[in-house]
Amino acid sequence: MNIKPYSRKAHYYETDQMGIIHHANYIHWLEEARVDFMEQIGFGYDRAVSSGIDFALLGVSCEYKSMVRFNDIVEIRVSFASLTPVQMTVRYQITDVESGKLRAVGESRHCYFDSNKKRLVSLKKVLPELYDLFASFSPEEGAKE
Amino acid sequence: MNIKPYSRKAHYYETDQMGIIHHANYIHWLEEARVDFMEQIGFGYDRAVSSGIDFALLGVSCEYKSMVRFNDIVEIRVSFASLTPVQMTVRYQITDVESGKLRAVGESRHCYFDSNKKRLVSLKKVLPELYDLFASFSPEEGAKE
Amino acid sequence: MNIKPYSRKAHYYETDQMGIIHHANYIHWLEEARVDFMEQIGFGYDRAVSSGIDFALLGVSCEYKSMVRFNDIVEIRVSFASLTPVQMTVRYQITDVESGKLRAVGESRHCYFDSNKKRLVSLKKVLPELYDLFASFSPEEGAKE
Amino acid sequence: MNIKPYSRKAHYYETDQMGIIHHANYIHWLEEARVDFMEQIGFGYDRAVSSGIDFALLGVSCEYKSMVRFNDIVEIRVSFASLTPVQMTVRYQITDVESGKLRAVGESRHCYFDSNKKRLVSLKKVLPELYDLFASFSPEEGAKE
């Protein structure tokens, strides 16, 4: 399956008084790209949620390489840094569409949470279809197959 | 009961590239002031929510009089423009603490929503204690008493 | 000129604990639609800004008609409620793409600010090209022509 | 000098549809705590900025330990993980005031940027007063003195 990078414009309300996009907004962008990725692979985030599974966030990080300004269009590439039955680390690469320059790289680490049972679960057990989909995009997991 | 205006600092991440606080943040401030008002009158917003009552927002407006900048401290005064058993209009006045200058005035219009029955209700009937509290701050209602 | 409504998805981070899009985000959406409108008419907001003209916001309002949820796609139609050489009122209509239901209507009122001279100006005098463009979309102004 | 932890309430508009504070808002809180820290040590962020020095963000990270809900009061402790003339890493510990439970830990990495010369600078050279203040709070630097 061919995944397209997630593309979006930087909004005026996302700027700060330095005249650049405020860094906290990138965390929003990572989420947008993650949601878009799940839709592209055919298992939308809302479908996971309606199956009773949520992706509890364990941690997030972002390294800023160069500045994004109002009206710039950025592309975000999503990949898996690691995937296990109980946890995944998603990696993001934000580039400027016009210049191709790298703007930021990020990571988010998630575990799987059963919202009815209120406890952590193995995605491999509770939603094997989604786990296998993720695995097909994970280099480590893919190597094992 | 003597209500103190709600006071807060303007944050860096609330600025935009014009070097002023972006207008959408004022809508957040109105909500903060509303929540603070309810706490001061002894009936916190979370207590209303846990009673099954939510304040569905019908409309909001804000008129911008002068600019707020990073680190400015503003005070927000909350009052009732109108109050009926099924609807209320809350009024807000945002002033700069240091200069006393008026920064903005706003209004929010709410009805009362029973989150279990999923329907609009009369606050006077379902939470008379809170309605009477509100009424004691409403000039129109106060005049009737 | 045929203007397409501005279309966008509601993001997860825009939801609140009632499970709906928090009302303050609509104010962001109005801005996104306004910026998109200016691009479509061929005079981007950044071009106005680089000409030294900013659109100082005098007031904003939004009436909420029905709820928007995560992943809903909304369309925003932009029109002029009024236009004069020194002030304009922009009107917005937010509808749900799938159901066609009206979600909200909004208005924003702006004057024109010369960012170098730090004073209000007549758009008709300082940027007649943009003023005429706006006027061609304004029913009142259009009627005069 | 005795630095008080930065204290703030979690706002309603910061919640998401899981009923908890959305993770991106923590990044805002780190900034608020950083700005508060600088004010407490007597060298406000705006004073640094008006000296022509800005703190360019190189990276930010946050590890989420337990959930924060609407109206919870959190305390944020700020310290230096490292400090050199050209870069600093600030560490944050977010705890719940009522229970004392750890909610999150974060880090932000900054370099110093001369906004007139548009280039990175040594804080030790351009603002030695501020550098020495920071150093007095940095265990590593303090050990050298």
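We just call them A, B, C and D in the order they show up, numbering each chain from 1.
Just so we're on the same page, contacts are C-beta pairs under 8 Å (C-beta built on N, C-alpha and C of every residue); 3 or more make two chains touch, one makes a residue touch a chain.
Here is each chain with its UniProt name: A, B, C, D = Acyl-CoA thioester hydrolase.
This one's a predicted model, so the numbers in the text were calculated from it and none came from an experiment.
Participant: Going by the contact rule set out at the top, which chains touch both chain A and chain D?
Facilitator: The shared contacts of chain A and chain D, listed by label, come to B, C.
Participant: I want to compare two interfaces, A-C and B-C. Which one has more contacting C-beta pairs?
Facilitator: Counting C-beta pairs in contact for A-C and B-C gives the edge to B-C.
Participant: Suppose chain centres are the mean of their C-alpha atoms. Which chain sits farthest from chain D?
Facilitator: C
Participant: Where the CA atoms of chain A average out and where those of chain B average out, how many Å apart are those spots?
Facilitator: Comparing mean C-alpha positions, chain B is 36 Å from chain A.
Participant: Using mean CA coordinates as chain centres, what's the gap between chain A and chain C in Å?
Facilitator: 30
Participant: Roughly how many whole angstrom separate the Cα centroids of chain B and chain C?
Facilitator: Using C-alpha averages as centres, the distance is 25 Å.
Participant: For chain B, give me the residues that contact two or more of the other chains.
Facilitator: Chain B, residues with two or more chain partners: 12-13, 18, 24, 28, 31, 70.
Participant: Which positions of chain D touch chain B when the two form their complex?
Facilitator: By the definition above, chain D touches chain B via 11-13, 28, 31-32, 35, 44-46, 70-71.
Participant: Residue numbers of chain B touching chain A in their complex, please.
Facilitator: 12-13, 15-20, 22, 24, 70
Participant: Under the stated contact criterion, what part of chain D meets chain A in this complex?
Facilitator: 18, 23-24, 27-28, 31, 54, 57-64, 115
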